[in-house]
């Protein structure tokens, strides 16, 4: 099986997947802790019209189109998503449905057909280009640096949105930067896992990590490790069952979460000897 | 004068022709019926989804239901049954995961939506249901058959009956769960009823706009109605009306502009919401400058 | 002892839309003061603190000499957040770390000292969510201490806190006062404030009274502050503070 790794398409796939698992794992933790899963899913979906327009316009390309759509979407819903009391509301839901409808209409108008739709929605990690890999690496680098610098503020404002303001860590700019980073990473991950399932890799490994440890530092590390492992396993599964890689990785991630959550639920029922 | 009257008459005739043309086709008549029924049901139920802040769960069910359809196809069950079972399972699992205080409802939904959806896609892929997937994702209202219409009609009827019988109680549960429980209402049962209705509406809505766009039909009309109405029951009525009318308007766009029906319907809904926002804020601005006393 | 004010307000007013929350509040506090801000619900106590910190738009002026430290009411805290007691106290050091994101050994040492000050050295590694209400409040005060502010603002720090924890916290506040800091605490508990504070400010949208306990604790003064919610019995003052007081002259 290792000889298969000689195939350049597989090398690119693994490189992209592993590069992405770092920002996906890191961001995923903050998404879980700050209850941004709905936003992350919606941003993924919202890239669709941007990709269609980007492909149709010469010189723009799907990446730039997707990025503009994602950032535009974030700006549109940022008022409701940066206030921790209003997060995850109806505005986000409607905005995402509109984005998809727009994308579908534009797709029909541009006459592109159904096959690219599947790829946009579910990814094509095994057909990823070198350009995409480079973008994954660049996006990963930007995100890692930004999250590293913001780590303390993120922890303080997530734990207590009411305190950090006067003490120097600003809640709204930090929240806004996070939305931008999510947009960037989602767009980088599109060629790999597609827009509908990218949220799986953002949310599920981080949630699994949350069940395993009780402090932010270890949670960040485990999230990256799980994300990377699940991506690799997902690629293997996609190859053997001829599934879209996005679907395969989502399934693997879900299974791992179920094992950890189920295991803990069972362990709670086992009576423990009382320590004396 | 007669020239103008004749001109007006001609305009009216042309307009009537335009409006009436699609109704000549059988499949369009069925599509109109489906759109009206699904739009009204989804619009009305969406109001409850909105006030109970269940938008993400609604979006989640709209996706995980694909797994239900896939399972139903594989096991030879009626599609509606598969849909309801998976929808209920989604809600139940979401609650179970969110029960762990380390994880929120948002996270729980964020876990189940893509994983169960992926399971549905995978199942369809390995059982050769690939063509089905397009229909499920984007809707296929122009291929609506009598069986679908029957389901849609039954769902609409169920919504009417339930809201007529238990609507007040459901509103109470939405606004003050603790009080409802204290008054002796079976809150869990009312939740289950709402959930089942949403599952049925989503299943029948799959035909109309598809899994991905369903959130638009479920959340859009209530949002527009919310901007226009101040109390709940008018909001439900307005949302149902907007849902139904958007369905019809979207189909006209499909007929005359040859764009996808599902996307067309959702775009009309979005336009309605934008108009409602404009009208609503204009109304509020007039109110604020009109009398000095604050509302209250 | 220096008498230049460390915390002062001059004609401070705050409005939320048409509603005036604070009107023309003026006072001066110097170093080494432990002030209690009293008033019924809706009097503007929290608003005052936020205006003093500069996080609210206001008219008039506010002067705060040095660094502030703040303990808000606990409403916005996510108790499921994965952090231990030591971690929360360390968060108080974050604003001073700037872009250097990691707290160093000096920060940790200081945090451990503070945990001891609030009587929680054994609980440092316990998850914040697993602590009792009183313990959590002590940790949050510890976070404020870690900020090493010259002016410490506390919003109802003792409300709902068990007796022993409250006693520890009052000792801490007194120690801060002796060290020359300015401590400002909003509270409902009139009797307690009279016991431990050396300065009382009675707030009911305006500053009704400002002075030492014996100056402020007079029936006619208290009546002005708690208008209508005061009951006089046998010439001694008994206070009935309606905990569910609602403001009726503003919408929703």
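Just so it is clear, A, B and C label the chains in written order, and each chain counts residues from 1 on its own.
Heads up, the rule we're going with is that contacts are C-beta pairs under 8 Å (C-beta built on N, C-alpha and C of every residue); 3 or more make two chains touch, one makes a residue touch a chain.
Small disclaimer: the values here were computed from a predicted structure and weren't measured.
Enquirer: Where the centre means the average of the CA atoms, what chain is farthest from chain B?
Expert: Of all the other chains, the one whose centre lies farthest from chain B is C.
Enquirer: Can you identify the chain nearest the overall CA centroid, using each chain's own CA centroid?
Expert: Going by the distance between chain centres and the overall C-alpha centre, it is A.
Enquirer: Report the inter-chain centroid distance for chain A and chain B in whole angstrom, where each centroid is the mean of the CA atoms.
Expert: About 27 Å separates the centre of chain A from that of chain B.
Enquirer: Cα centroid separation between chain B and chain C, in whole Å?
Expert: 49
Enquirer: Mind checking the centre-to-centre distance between chain A and chain C? Centres are C-alpha means, answer in whole Å.
Expert: Their C-alpha centroids are separated by 41 Å.
Enquirer: Please output the residue numbers of chain B that touch at least 2 other chains, ranges allowed.
Expert: Residues 102, 104 of chain B each touch two or more of the other chains.
Enquirer: Which residues does chain C have that touch at least 2 chains other than itself?
Expert: Residues 82.
Enquirer: Multi-chain contacts only, two chains or more: what residues does chain A have there?
Expert: 210
Enquirer: Which residues of chain C touch chain B once you look at their complex with the stated criterion?
Expert: 18, 80, 82, 129, 250-252
Enquirer: Which positions of chain A touch chain B when the two form their complex?
Expert: Result: residues 31-32, 35-38, 40-41, 45, 87-94, 96-98, 100-102, 104-105, 108-109, 114, 121-122, 196-197, 199-200, 202-204, 207, 210-211, 241-244, 246-248, 250-251, 253-254, 257, 261 of chain A touch chain B.
Enquirer: Considering the complex alone, what residue numbers of chain B touch chain A?
Expert: It is residues 50, 53, 55-56, 58-59, 63, 97, 100, 102-104, 106-107, 109-111, 113-119, 121-122, 125-126, 134, 137-138, 212-220, 222-223, 258-260, 262-264, 266-267, 269-270, 273 of chain B that touch chain A.
Enquirer: Which part of chain C faces chain A closely enough to touch in the complex?
Expert: Chain C residues touching chain A: 50, 53-55, 68-73, 75-78, 81-84, 87-88, 91-92, 94-95, 97, 99, 101, 127-128, 140, 143, 147.
Enquirer: With touch defined as at the start, can you tell me which chain B residues reach chain C in the complex?
Expert: Contacts found on chain B: 101-102, 104, 294-296.
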